[in-house]
Amino acid sequence: MSDKTTIGVGMIGYAFMGRVHSQAWRSVGAFFDLPLAPRMAAICGRSKERTEAAAAQLGWAAAETDWRALIERDDVQIVDICTPGDSHAEIAVAALAAGKHVLCEKPLANTVAEAEAMVRAAAAAPSSVKSMVAFNYRRVPAIALARRYVEEGRLGEIRHVRAQYLQDWIVDPEFPLVWRLQKDKAGAGALGDIGSHIVDAAEYVTGQQVVGVSGLTETFVKRRPLAGESAGLGASRAESTGEVTVDDAALFIGRLSGGALASFEATRFATGRKNAMRLEINGGLGSLAFDFESMNELWVSEGGGGFERILVTEPDHPYAGAWWPPGHGLGYEHTFTHEIKDFLEAVATGADPSPSFADGLRVQRVLEAVERSAADGGRYTNVED
Amino acid sequence: MSDKTTIGVGMIGYAFMGRVHSQAWRSVGAFFDLPLAPRMAAICGRSKERTEAAAAQLGWAAAETDWRALIERDDVQIVDICTPGDSHAEIAVAALAAGKHVLCEKPLANTVAEAEAMVRAAAAAPSSVKSMVAFNYRRVPAIALARRYVEEGRLGEIRHVRAQYLQDWIVDPEFPLVWRLQKDKAGAGALGDIGSHIVDAAEYVTGQQVVGVSGLTETFVKRRPLAGESAGLGASRAESTGEVTVDDAALFIGRLSGGALASFEATRFATGRKNAMRLEINGGLGSLAFDFESMNELWVSEGGGGFERILVTEPDHPYAGAWWPPGHGLGYEHTFTHEIKDFLEAVATGADPSPSFADGLRVQRVLEAVERSAADGGRYTNVED
Amino acid sequence: MSDKTTIGVGMIGYAFMGRVHSQAWRSVGAFFDLPLAPRMAAICGRSKERTEAAAAQLGWAAAETDWRALIERDDVQIVDICTPGDSHAEIAVAALAAGKHVLCEKPLANTVAEAEAMVRAAAAAPSSVKSMVAFNYRRVPAIALARRYVEEGRLGEIRHVRAQYLQDWIVDPEFPLVWRLQKDKAGAGALGDIGSHIVDAAEYVTGQQVVGVSGLTETFVKRRPLAGESAGLGASRAESTGEVTVDDAALFIGRLSGGALASFEATRFATGRKNAMRLEINGGLGSLAFDFESMNELWVSEGGGGFERILVTEPDHPYAGAWWPPGHGLGYEHTFTHEIKDFLEAVATGADPSPSFADGLRVQRVLEAVERSAADGGRYTNVED
Amino acid sequence: MSDKTTIGVGMIGYAFMGRVHSQAWRSVGAFFDLPLAPRMAAICGRSKERTEAAAAQLGWAAAETDWRALIERDDVQIVDICTPGDSHAEIAVAALAAGKHVLCEKPLANTVAEAEAMVRAAAAAPSSVKSMVAFNYRRVPAIALARRYVEEGRLGEIRHVRAQYLQDWIVDPEFPLVWRLQKDKAGAGALGDIGSHIVDAAEYVTGQQVVGVSGLTETFVKRRPLAGESAGLGASRAESTGEVTVDDAALFIGRLSGGALASFEATRFATGRKNAMRLEINGGLGSLAFDFESMNELWVSEGGGGFERILVTEPDHPYAGAWWPPGHGLGYEHTFTHEIKDFLEAVATGADPSPSFADGLRVQRVLEAVERSAADGGRYTNVED
């Protein structure tokens, strides 16, 4: 890649998302013929020691402990935000103001107001400065193939969307009160964390928008043990638990702009389902079904027949040709590699990457409509434009 | 069976339901050790010729063209109602008044008022006169086994019910306006026909009741060609279609009496799904999943592990011991054989058969709440008691 | 059916096969428009009391205790043989000599010599006297559909057949020495009982014949507890077991007449597999896969794509149109109903039913070649003509 | 990783295997806490230009065009052989003689004689010099978990192994005569390329050895178009094809050292199967089933029940804890990352890596026995020690 223009990347956060983004930045150039060669310039975290260890392990050239310093680095042209949602807006707005491209983890922000500020900042930036929200499931080859089928009209008029994101990691009432269960840090619970993914995926694959919803949310376990050191010495049992301030599960039904009916369910209480991000779409001519637990498969029904299990590993399938021979599957991390490949191409060519911050805001507004509906007795609630 | 007391059966209707009930009456004694031997005394239909042909083909000893005459026959002690929903109430009330046991196809009636009249008639009858509504899916061995798992507490507290009934037989807009698409005859569309099954199954398996719902319904194809001769000679194209007066699809979310969230979807527009009556239940300790398209399988997750595919064909599984060795599956019709076996046992022992007319009324009230919610912008609507 | 010519049936044996054949005779007329109406004239067993009870329960008009008397009855035109293999030849030869049509359970006989005698008797009978061996799996709708695909050339040249019949009912070494584990009664073990089914199915679906094999057989558990009363009072432990004289499992590979390679495995030691009769066929243009544990499904790959799950319940699928709407599956017993329907049509029209006794003999010769190969160190052994 | 001892790696070959090994070397340190930090020192290929491009793309510090020069480099302590089988022996023997650790792609060599030479070289090397053959499927988490189940005795005595490796990439007779279809380069066809994987996997998971086999091989398409430039200008049609000198498919049955029966099938003619490397094992207490096309799943039956689908992504599953949360699957390349992790640990700790060259030789001897059996009319042939 020595003859390619390099572009410096600075990443903020080194936990789950930071690790998977690092693997993507590290790998993308070996598989895709990129217009720009990414250079893993610097990583940023609050603890100097831990950030330096992460830099060494994950392959970043430098470590920063202040995200503002990271943004200001001359060798950083792309800022990759992998922090919890409460800091997305502040970092993204600052990075865009500094003329840096921004790739931001989902959900775009914890509130609609923050997301709007981010969209304004993206609009205010020069058109050569790109921003993108990291709904990585769009880059599952099977989901990108599903999109292609709909675009080509092979499904006909869409009648139904059935989207579920089922996990089970907090079924145990003794599971502690981690930050993802606290509204001030996470913004929302299952609705924001995984419900956002299925709203984006449904809109992406159908090319339609959710226009109104009726919603129900629930927090099955109201209080949980405090996590780690915060419980403290001598804490009484009563003092050692805290309130869960986000939803455990959210269900909503609604209508899409093209006339389809849609059903959504996001939950962390589906015992036995580990990461069942499922999408089924029925059209007048055909249907599609997907489950991320078998991420290399897309099930397609056409001509009134049964469902065909397509292994999405053929050379002409989205992204798949860059990897291995047919039948040799990909994993979770590859969705991020694909995302970064598309982002780098947009940066290089001047195209607008997708999903944009505006797309991220739209998802946020759907989630907000669900919350308003749930608070208003399930009344059908229009998604605001 | 010569030494057993026989009991005479009279059946009204000889279409789809009449054929499958006949097979059940004809077969039940060969597989189950019954307290009463059913005798297929008479069948009733409007056309003398067709009814007589049906009697010959299906194995009924006599044919009647007036259901009142059938009820009055001395050799008929059980009246089996296999007609469309608009005639259920009148026939059932008359049969009960005549002291006959009644097995009535679902949905119990086309309206809550009719269903209430049937419940009153059942209550007014002597306690020895039995009545039952034919929600046959309760008698799928896998669903009965699911019920057993919940009763035994193996799933823990129920958190989620996910129920779908997906068909695709009217996806084609040229499919004609058959009686099931006309409100005066069918009462409702997908909601009443197949939505009723999943409401009953969800309540049966969980042992809980749906207490409130938010609903959406849709008729995707508003007008359809008139069926058969009714189109008439010289009809212009405009005259040759009629209005579809029932729903094509119904979605609703709600709460169960035990605190679970539930999601329901009934549709005739799920291209590629032929008879996908699906039920998934998540509890604090385990989960269950079922799809009627693979009716001999129940999927069970316990102890946080994956889902085990249980072939529900073992001798100790519900109903299965009466049939074939393990792995030799049953079909659709067997659910009716099981239903009739249970009904005959109730008649013989004096126990109350289940689901009762009151259970059928409850399902009707849930459906009515869905319709009221859908008409009221999806507002969460309590199911009336 | 009053206006149809009836034909009398006499059945010998009332155990597993007798029960399922009875259900087929009882049901066939209600679903298929038959040229002859079968009349269940008489059933035959050794115990008078048990046979009379079986007649009453299964719907036979009379009971006999001597199969020769059954054959001689004027009201019996069809003899249905449901006994163990050691009596097939004697009964079938006598019945054919008496001018009766014969339907005989599989395997045709316990030895090639017996099977040859049966083929000779069938050939010696007038052409209006029909005989058929009951390889019921040919009448699974999915397998009949598979045959249709091959016949239509949709698979191209056949390259591979992969056939397995996996059960687990004798995995427990304490399972007793029932008749199926004794060579004098059963002829062979897994090889004859279930291996015969997959040989017939492979030949039927491909339209080719097994021309040579290399085989391995094994008896994992050499001695087993004597079953029931035969163990006797005061028997010492050593005396209370008997030798297993048949194979527990048989594996063989071979070539088909059209050039395909084939792999067969029949075993009663596949823990967790209940009745996994599986067939996969790969051709130059497409492939098929089937597993009886999901008997309503056929998996088809065409055009280099993935496998489509076809629910074999459509009106134009073999046999399926006579039953229920799409997606409402059939069970094990229906394969026998279909078999009897085809047999009755052959008897009425004069066509030769299939599989013939000659077909049954061919299967026997394949099994014999497997045994010879296994006894001769696996040497590739030609199947004799 | 700056404080870790680094170890230099030199890799020979940059095609399919070179690309996937590179990804593994590049990634392993970011996910596993290694005792040695690998440094991607040099890559070797015949074309200077292509090798330099590969070095740049795949992340190697230098490029060599002579494998002997690569071996001699001071910054290379590990030689990773990713060439076709005909050069394995020469390179490996030289590398071991030079005191370099060797990781060699499978099959170990094209002939038993070559493999024996490699085993001798490995034995002659100092014990601190390690060698390993790259049967990567052992490092599929699901297969490693299967091994654990067998080791723990959860399956009981093993009765059956059913191993298949099904591909379809040369079904088309117009597919050209690539090197994998030429005996002088590839050694064998499906038997060596993919048959070797299933023999190794079967022996690894069961802990038993194949002791004898009966085999059949076939070349369905005898001549194929010459690939690329070799066809030449003016070549007549007859001249433009070449002979296929390896098998298209190989079937063999045999016995394992512990008494189990085993069935193997390797083919490139299984239309619709892309990379179906399947393994099913039945024991007295339980069974396992695996298919690489769904590589994150292991199916387990215990206690006589059905098969449980285990997503092998839990923290306590082999290798899985280093990656993502439960339900977030891995892909093909991860098996190589795991292999390299284990190899580096063996190098660092002095343990003997597995599978050893001796293991690779054993697999070779099984394949040779299959070929001898196939050439000798399928006679059961003992595997030589």
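To keep things simple, chains are lettered A, B, C and D as they appear, and every chain counts its residues starting from 1.
Assume a contact is a pair of C-beta atoms (placed from the backbone, for glycine too) under 8 Å apart; a residue touches a chain by one contact, two chains touch by 3 or more.
These figures come from a predicted structure and were not determined experimentally.
Asks: Half is the threshold here, strictly exceeded: which of A-C, A-B or B-C has more than half of its contact pairs identical to B-D by residue number?
Replies: The chain pair with the recurring interface is A-C.
Asks: Return the chain pair with more inter-chain C-beta contacts, choosing between A-D and C-D.
Replies: Result: the pair with more contacts is C-D.
Asks: Hey, how far is the Cα centre of chain C from the one of chain D, in Å?
Replies: Here chain C and chain D have centroids separated by 42 Å.
Asks: Taking each chain's centre as the mean of its CA atoms, how far is chain A from chain D in angstrom?
Replies: Computed from C-alpha means, the inter-chain centre distance equals 36 Å.
Asks: Among the residues of chain A, which are close enough to touch at least two other chains?
Replies: Residue numbers touching two or more other chains: 273, 305-307, 311.
Asks: Once you've mapped the touching chain pairs, tell me: line, ring, star, complete or other?
Replies: If you draw each chain as a dot and join those that touch, every dot ends up joined to every other.
Asks: Using the touch definition up top, name the residues of chain B that touch chain A in the complex.
Replies: It is residues 155, 159-160, 162, 164, 166, 168, 171, 173, 214-216, 218, 220, 249, 251-255, 259, 261, 263, 265, 267, 269-273, 282-287, 301, 304-307, 373, 377-380 of chain B that touch chain A.
Asks: What part of chain C is in contact with chain B in the complex they form?
Replies: 1-2, 16, 19-20, 22-23, 26-27, 29-30, 56-59, 167, 169, 273-276, 292-297, 311, 313, 323-334
Asks: In their complex, what parts of chain A are in touch with chain C?
Replies: For chain A paired with chain C, touching residues are 305-311.
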